């Protein structure tokens, strides 16, 4: 796609700006849709209906209405809050998730930035979210927000480790950190996907990755930082209006980002599961987005089914359960590759 | 549970570092304190060193109002509003006290109707208690399932007396309205519908690993502490004490029915932890369904207003009456001076007494546990503050 | 044990501190005792093997008129399944009496409530302060001669 744009525009800067904006063109409508989807999924699981009226058919315009409302809201900043940090925090959280999209291939024709250390970059830059959360909690000048922020920082940093280790198992099989190459290596029918290679080690690694990604995105059962029933709303208690909307946007973007990484590395990314049938640059986008959306749906499903873990239990799961198992997977894959 | 001694770090020159505790306020506005309750927590990081409950935000001067009433019957709507979640139980306790002071005996039909209403109310109240408890630990869905089933009970109440939450139904000497036609069939259908739902709740929440991790071995209330602090109801039975006022200090016609008293056995952790209290409530709902079905079978005919006295003027004297409500022992200490209006009515509410145990059992827990423990106490601030 | 036997036992132990016994013709049999003795009597009631009143059901304050305030203890025994009511009277000019919160911890909050609404002071109580009303409220509302104040912190009270 980069070539096409270059030939069309003969302008470097314009090309790269357009390349950078393309994920945004997906994230914004996706976030609108995902909020509505979450409300509908939760409603049907809870034996009720959810939004039904706004816009007619099953309330599809509900999120639009919410955005319009949030734009008009007064932006309240607590008087004793640190104003600069309070302002920057939501944007930083969003930037952390958005920057990860730069190295994720949406199809064989589009990848924001085809760097050789793609995976490494993605994991590193999504940690920027922690900085934003800590800023939000501190700048709100509210003990409960501070609790939420500190817990969140501890949680995300601890769960980076099983995530990275699980992904390392796949990297060992693939031999490269370049996400586009990893995708191209999984072409063919679905048994070529890394999920089914070196069975069962990569499978276990996938489960570890999925559970840790729930913690990365602060979703139940790991949603202690925004535990509604304990901390009112955790680190975003004191936010209103567009900044609050920004936090939400960031959360959904993050959900999709981790789902996208998971589907890229384990489930073949933009590859069709049926080999050559239904494949191509545009079909690639379709497969990639559907796999990502499927995992987003599973994340929502888990949120409304499970209770939440207490902070020390959360830490226990990360350090004493997931990390050793991730090491075991790496050892297993390593031995397999050597033999 | 956790170390409450704060380790004192010292530098090599002997200077000790200050490790300060933080005072943090939970409430009065908080999603998990079940009403306007302020819990002052002294915490060291995540560990709670002390909990100081502050109540009185919902004090509506029930006892002073009773003295200003011109009539014993006028107190009944006020009783509703104290424990608004289990209003029938509250009304019944007061009415029983007045009936004992007057020495009147109600007809059989009234007894049966009252038992059915009390047990239906017990189920409805436990559904709220368990649903909101799931919400406290993060499980959103059981809350909605339980409210869906509670709607059926409220429909039954609405067809009988017109109100869903605050009934003014149980009157001195009888009840305000007889059962409407079709009530018995609807109530039987409800009991049949409800039993499989309890299995559904158990599958979804009670035996869920994460839920057990959050509630087992948390907030253990030893039996002797429970008795010393005057706990009652599921708080007490969850600690393994086999005590139920319907059987041990009998009133009404409970002795005619076959039912079991559910006691906590420490299946998932220690006896007297939050899981035990939760499970006692869950199992009590099934027992209440048993009682309702038996009462519906044995319902005699009669006039429900036959024993309602024209004028309520008890002799001078005082009386303490207690019954088993969904939350525990509701007691009314009624002093009569021979006139038509009460001289002194003291409401001994179970939540008031159960809440006083909270500082004892929260020591050394984490903040998330305080939420779980306060939820398992099942308090309604209306009756704590009266 | 019947209320008669319970009152006999109490009379045997604390003969001069028992003021009145009413076991016949009343809905709730009761024993009225001297206020100063309530601490020891409470311990005796809880610890004696035949009485074993381990459960304090309710502790209420009462304004008895004639310049007297009363406290009523409704006790029950879970081991022996019997009940008794103990009553105490104190003058309204000096309503002081020992606390029983060390015997039955239930009494802790109940005594705070009696203090809050009646003004009865319990000596030996670990934390005697108002419980239902705001800490800086004036007066004790449940007394019969209580007048509602006009203003509280600048807000009109009966509105």
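Letters A, B and C mark the chains in the order given here, with residues in each chain numbered from 1 onward.
What we mean here is this: a contact is a pair of C-beta atoms (placed from the backbone, for glycine too) under 8 Å apart; a residue touches a chain by one contact, two chains touch by 3 or more.
The structure displayed is predicted, hence computed values, not measured ones.
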Centrality ranking, top chain (CA atoms only): B
Of all other chains, the one whose Cα centre sits farthest from chain A: C
Centre-of-Cα separation between chain C and chain A, whole angstrom: 62
Rounded Å distance, chain B centre to chain C centre (Cα mean): 25
Rounded Å distance between chain A and chain B, as computed from the means of their C-alpha atoms: 43
Complex contacts: residues of chain B adjacent to chain C: 55-56, 59, 61, 63-64, 100-101, 227-230, 241, 243, 248-249, 317-320, 322, 329, 331, 333, 335, 344, 346, 348, 352-353, 355-356, 385-386
Parts of chain A lying in touch with chain B, wherever the complex brings them together: 42, 45-48, 143-144, 147, 220-221, 223-224, 227-230, 232, 303-313
For the chain C and chain B complex, residues of the former touching the latter: 26-28, 30, 54-58, 60-63, 72, 74, 76, 78, 81, 85, 104-106, 108-109, 117, 130-134, 141-142
Interfacial residue positions of chain B with respect to chain A in the complex: 22, 24, 30-32, 46, 134-141, 144-145, 148, 204-205, 208, 210-211, 213-214, 366-369, 371
